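Each structure below appears as structure tokens.
You will see two complexes here that share chain A, one where it goes with chain B and one where it goes with chain C.
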Partner chain A sequence: MVFLTKRGAFRHALLLSSLLILASCNPFSRGRDEKTFRVNIGTEPPSLDWSLATDHVSFNVIANLMVGLTEFDKNLKPAPVIAKSWDILEGGRKVVFHLRDDVTWSDGQKVRAQDFEYSWKRLLNPKTASEYAYILFDIVNAEEFHEGKVTDEGLVGVKAIDDWTLEVRLKHPTSYFLSITTFEVTYPQRQDIIEKLGSKWTEPDHIVTNGPFLLSSWKHENEIQLRANPNFFLGKPAVEQVEMVMINEKTTALGLYEQGQLDFLDNHSIPTLEKPRLAKAPGFRHVPQLRGYYYGFATDRKPFDDTRVRKAFSMAIDRSVFPKILHGGELPATSWIPPGMLAHNPKIGPLYNPPEARRLLREAGYPDGKDFPRVTLAYNTDEEHKIVAEAIQSMWKRNLGVLVRLENQEWKVYLKKLQSDPPHIFRLGWGADYPDPDNFMKLFTALSGNNNTRWKNSRYDHLLELAAREMNEQRRIRLYNEAQRILCEADAPIVPLFTTAETTVLNPRYTGLEYSSMGRLVLRHVRLKESIQSPPPAARGRDKSA
Partner chain B sequence: MRMAQRFSARWQGNPLLLGSLAFILIVTLGALLAPLLSPYAPGGFDEKRILENPGWDHWLGTDELGRDLLTRILYGARVSMVVGFGTALIALLIGTIYGSISGYAGGALDNLLMRIVDIFYGLPDLLIFILLSLLLGRNIAGILIALALVTWVRFARITRGQVLQAKELIYVDGAKAIGASHVRIILRHILPNILAPILVTLTFSVPAAILAESTLSFIGLGINDPYSAWGTSWGTLAQDGWRAMRTYPHIIFFPALAIFLTILAFNFLGNGLRDILDPKAR
Partner chain C sequence: MARFLVKRIVHGLAVLWVVITLTFILLRITPGGPFDRERRLPPEVMANIEAKYHLDEPWLKQYGRYLRGILEGDLGPSYKYLDRNVSDIIADTFPTSALLGILALSFALIFSLPVGLCAAATRNRWADRGCVFLATLGISLPNFILGAVLIWFFSLKLGWFQAGRWGQLSSVVLPMITLGAASFAYLSYLLRSALLETLSEDFIRTARAKGLREINVLFKHALRNSFIPVLTVLGPLFAALVTGSFVVEYVFAIPGMGRFFITAVADRDYPLIMGVTLVYTTVLVCANLLVDLLYSLVDPRIKTH
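Then we have the complex of A and B:
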């Protein structure tokens, strides 16, 4: 009845118009056009400056804006991109890259060797404060320059001989050095742009890039828009536009995908327990990742200062359950170097053996878990980590008679706690920065800033040094095998649990999306399937309403 | 005698009240006797029975680790009941004392004490819950204190209003005239006469606290320790389930139903008690 009164009608008209205004503000209420590909990146990328970026989200945006000297091929070997070839000279102590002369920046200038020299020295410069500076420490004087012991950057072993030749001098032969050049932090940069604009150089109006897409807009905490680069030297991408939205909540992202408002989802957008249902959908797949998931022990704290206790805890875990409870194609692991990487060896590491685990615990003075001190297992807040922690808590209770206390914290708080006061047992993961075992194994050296176990073994550190300098693949594998036996069997400061896989689902109307084992979303080959001529029914409906 | 009969007749004439009371008793007994009622352990991981639908072996189905959902809900009821009653009682104690002093003293002290209450009222509840539970830790005691610190103001206001009215009544003047102390007047003469509205507020505070605890749990700040005697709170169970709502609706449905029915029962109980104790309000 209220509609019949003048005031009521006005009120409802006002309400209706407000709703319409609100709906028009919603980015998802716009009509879909077929040339726009939409993905959810989950959160705001902290930085699009590839000297400063450290996280998966930032690198996934950068990987579509930029290319570097090399990229890894399907066998995880470096393949030419801007570098058309390279020479390894002086027994591996000098690498000379020969650059293509047809690669241009988005402002039309050529990409030159000087842009790499500038970028690498900027990464190393202590003023830049890059967390990834250490990645280039194998270069002559690089570490010294970063630590301020060498102030003349001309002494750092990277130099543009001419516009198309880049020379790198290494302290010693470094078997994995070419792999490093696949990593985004080594991509070239424009000195003139950065020096002119300072920290604002990554904003859409200023940024200069050389990759398949250009940055059109960046609405912070909301959406990033990319458009195809018509001058990309390897060919313009098929999709005209990419929208990268930032939806933190997995259930919301999944709902939008199912309504046809998003075209691609990965682990950051798929709730764990929805994976079995989605597995039946077209476009669903698990992509094995070079990413290890492990539990570490605080080896300087009782009772985990006793190797027998650590081994007992490792042997009491039945790793075969993880793919069943996480539904994400996880590969159970007892050793640390992941499958797909050189020196992966599934035969290393403790097998599930509850009687032996109980024997070790008894030997350590805790028969059937009796008198075992109260210990805490900590993880960062996340539904998958919680499932894993509760499953392992249950296995330890069943197999060892030990009940550990669970504790979870937000990521930043958690990281601080790991640095300052590591809990008895903690969860962490490691994703490869470059596809070489060196990147995985160095995590647990005595000097590694990420070794929260506080475990030290000089033999282990020495083996890694030898393996890094060894150019013969078979001999490298033998060295890593020995190091892995120390890490996973003899000393067991960590319990490798599984290698993760990325669960992805792609709108079946599209093809060509590449999700690499390094966790990079490569969009440059994405295109609509040829058989698809007309828009889908859902999209037609939205076009009408928009 | 006639009054007692009338009271009993009102109870019997209110089936919702009796039903709610019976339901609350069942939940309380279920929580207390959980280890005897269920053949399963609340933390028992069973990899062979992951995410089963409700059936004969597991009446309400199993969760993502094959744990029996009914068992988890029974153990979780302990958290809800203790938080509900505990919060209400602590708030009752603080709020009644505070409100009595304020109402009885009157004047500047009353003014000051009530402005403090206003400040508490003005604070956003959820934010305070979150901050306090982070400060005090994610355990029963921490959550009890956090919720009580927000809930007591409701009792303080009700008590103060009732005391303001009651202290003007003739029997209080009488007590003053024979030289009774202030404490005696409040405890022996005023409080017994204003008990009904306080009791009704108490009944409504229990479900409010259960809901607040469930909300805290749902946003990830609740109690989750599958092996402790406290189990995992209903809100945490619902939080675990909501992401799988479309594929395995039973994981969220049953904990949410438990929260819903319990809160409904307490609200019916509160309404019923108000009807019985305050005939004017009918």
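Then we have the complex of A and C:
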């Protein structure tokens, strides 16, 4: 037996307790539940009320808690979910949805047509003050109800005929209306719950949902836990639980993924400089998004009031460099409607042609960029926007002999500047709310609040009106082709640069994760790969090579 | 004493009012509004949103409404986190920041005391130079770099501590060190300077001449008299640490209040900015009051009036 002095015993106890603390702190010393799938959503979702949500973080949570009338399929066409079928009547002015009768809320009640009627009218109600109220303005009296000109909500053209039939009356034939029903803001809601609990109805103890997962807990600014809904009408998801953590710092999130503490990361969690390294990892991929990135010209300001100057600037950009400098799988674009969407046409738009660009500039009175006025290219402060702006600045200098001044501003200041006094050239992007070209092309109509170029073309506006009412797909495509030629070739108020892609990395032990081109994270088909489902206990550690 | 307290509380309330008013004005004149988006909203939609949050009212009316709300304990709804009001957000996040801040301050105090003492006692020798180097390093090293280095080494390389996933014991250690490092360095430096000054005083020479042991001179006579400058900075330091740090909370994914000092401004979430500013100012005023009270305990020559 070894006797220790008092001081020696103290030292040994201290050493032993330190080792024990360190051992307990080591995340690798604990096993982990393989039926829990862990993703980083980056930040706190601003709202889980789908009438108020506006951002991708909120929608990514909501998309796993709820389903609606339809969802878009792999071809971005609306496919039935709660609506088992629909009739388009009166030449497209009336749509009648026939609902499934086996869809239940998480408290056991059936999902009925009245829940849709309530939700849509709540979205339109001026008191709700929803940012997406305008999405339903094609419905009879919807805009008037939102403006307060119609106060009787019974006059709004959405009505539950019975528990399983929803009738929608439209102001005019609306070709893209079914696409709108894929959008989360049109999902049903429970009047009894919302009116009883007010803004607190989205908390885990109160919220009532109908989707593949249920909200178990929501630790604000920290993590959200979902558990599989055993009564989901399309089948219980394979993973029992989902942890959605909120880690804003990309390097920290990547570190946790590489430690095996997270199973999935997207663009918001992967540092740009790490993308080339991660590209070699299993489970890495780029998912093209319905999101365009463009430069706009202030067409009412010299020298960009001259179409030849705008075209010259557009032709002097070699768009193939963007995926090489951004490493994000960007798809160079010369036309505005993104790949995957109806009427996407890569043949539209100016090709990279420096001699022709110089000729146009010379014709406009600026041979080799001589006497070209001092112009500014503005973007909101962001590392990737800076990389793009610097690349384009150097191309314009090289190909046109014009040196533009770069200016970056804080986001809200930048937005204010675009509204009040747009700079000569500015950066913006646009992501689809619903997968239809109308959502993209309407941006540049004369009356659009989002048209910062101040460009107007009545033929363009007319073509879009026709396309919105045209129910025949081929004729719609032809109309959008003509409109795109005006937008990207003839008048060129904007320079489409690329469509973005989402960089994602999935733990190779899992499969079935869907990251849609609308930026939605769909987890209901996620499962462990079959070869991994029954590993021997000794092999249950995490794969750190991912 | 009672008169002193009443006077300081009245002063504190005046400071709070000035801070609230200035913050309110600054927010209104900053370009960009809370609902300005890349996807600009139709005018009728924007009008309903502004009506809901009373942003369509004149500034003076909004100001009056806000002051009334404070008196009734209602800090208003957040413009960003639409399901929650500012009081809920602060109630959820402030305890986390306060816990981390208290741990960081304790870390700073516990380690700065021996380092400051050691440096002062070994003036101009290698130990002193080592302590001064450590303090200079702590002050000059930005905490986002220190945080990144600690994560890289202790979390990614050694796997001892977890970075992120707040709530587990192992996730507290690195942010505590990162947040407390600069305070530790500053307090060590301050204590060393104060001790050196005290050690050159006549009464210390007298104590030594009487034959007191150096350790007794240091602890019984010099240390107590050197606490005053340390105590002076403890008030603002406490307020800064317990109300959270954007960088540390961002790097370590801590669900605290500090991040809102930056993100709420970027979002132009007026009520949330006002709320966190109000909390910070209140903590600062209270901490300074406490420090003033502690002065008289440390040095009975200082009276609280």
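Everything that follows uses one rule, which is that the second predicted complex is superposed on the first by the 500 of 546 C-alpha atoms of A that agree within 3 Å, B and C clash if a C-alpha of one lies under 4 Å from a C-alpha of the other, contacts with A are read in each partner's own complex, and residues count from 1 in each chain.
One rule holds in what follows: a residue touches a chain if its C-beta (ideal position, glycine included) is under 8 Å from a C-beta of that chain, and two chains touch if they have at least 3 such contacts.
Because the structure is predicted, anything quoted here is derived from the model rather than measured.
Participant: Just from the overlay, do chain B and chain C fit on chain A, or is there a clash?
Facilitator: Fit - chain B and chain C, as placed by superposing on chain A, sit side by side.
Participant: With the C-alpha centre of chain A at the apex, what angle separates the C-alpha centres of chain B and chain C, reported to the nearest 10°?
Facilitator: 40
Participant: Which partner chains sit in contact with A:Asn231 here, chain B, chain C, both or neither? Use first/second/both/neither.
Facilitator: neither
Participant: Who does A:Glu274 touch here: chain B (first), chain C (second), both, or neither?
Facilitator: first
Participant: Is A:Thr251 touching the first partner chain B, the second partner chain C, both, or neither of them?
Facilitator: In the superposition, A:Thr251 contacts both chain B and chain C.
Participant: Is A:Glu147 touching the first partner chain B, the second partner chain C, both, or neither of them?
Facilitator: A:Glu147 contacts chain C only, not chain B.
Participant: In the superposed arrangement, does A:Ser199 touch chain B (first), chain C (second), both or neither?
Facilitator: second
Participant: Now for A:Glu390: first (chain B), second (chain C), both, or neither, which partner does it touch?
Facilitator: first
Participant: Have a look at where A:Ser216 lands relative to chain B and chain C in the superposition and call it first, second, both or neither.
Facilitator: Touch status of A:Ser216: no partner.
Participant: Tell me which partner A:Thr376 touches in the superposition: chain B (first), chain C (second), both or neither.
Facilitator: neither
Participant: After superposition on the shared chain, which partner residues are touched by A:Asn450: those of chain B (first), chain C (second), both, or neither?
Facilitator: A:Asn450 sits against chain C, while chain B stays out of touch.
Participant: Among the partners chain B and chain C, which is in contact with a greater number of residues of chain A?
Facilitator: C
Participant: Once both structures are aligned on chain A, how many angstrom separate the closest C-alpha atoms of chain B and chain C?
Facilitator: Once the two complexes are overlaid, chain B and chain C approach no closer than 8 Å between C-alpha atoms.
Participant: From the superposed pair, tell me which chain A residues show up as contacts to chain B and also as contacts to chain C.
Facilitator: Touching chain B in the first complex and chain C in the second, residues 251 of chain A appear in both lists.
Participant: Which residues, counting only chain C, touch chain A once they are in their complex?
Facilitator: Residues of chain C touching chain A: 30-33, 35-45, 48-49, 51-53, 77, 80-85, 89, 92-93, 148, 151, 155-156, 159-167, 169-170, 173, 250-253, 255-256, 259, 266, 268.
Participant: Chain B touches which residues of chain A in the complex?
Facilitator: 250-251, 271-274, 276-277, 318, 321, 324-325, 381, 383, 386-387, 390-391, 393-395, 397-398, 403, 405-406
Participant: Note which residues of chain B are touching chain A in the complex, please.
Facilitator: Per the touch definition, chain B meets chain A at residues 43-45, 47, 50-51, 64-65, 220, 224-227, 240, 242-248, 251.
Participant: What does chain A use to touch chain C in their complex?
Facilitator: 21-22, 24-28, 44, 46-49, 52-54, 126-127, 129-131, 133-134, 143, 146-147, 199-200, 202-203, 219-223, 245-249, 251-253, 255-256, 258-259, 261, 410-413, 415-417, 419, 428-430, 449-450
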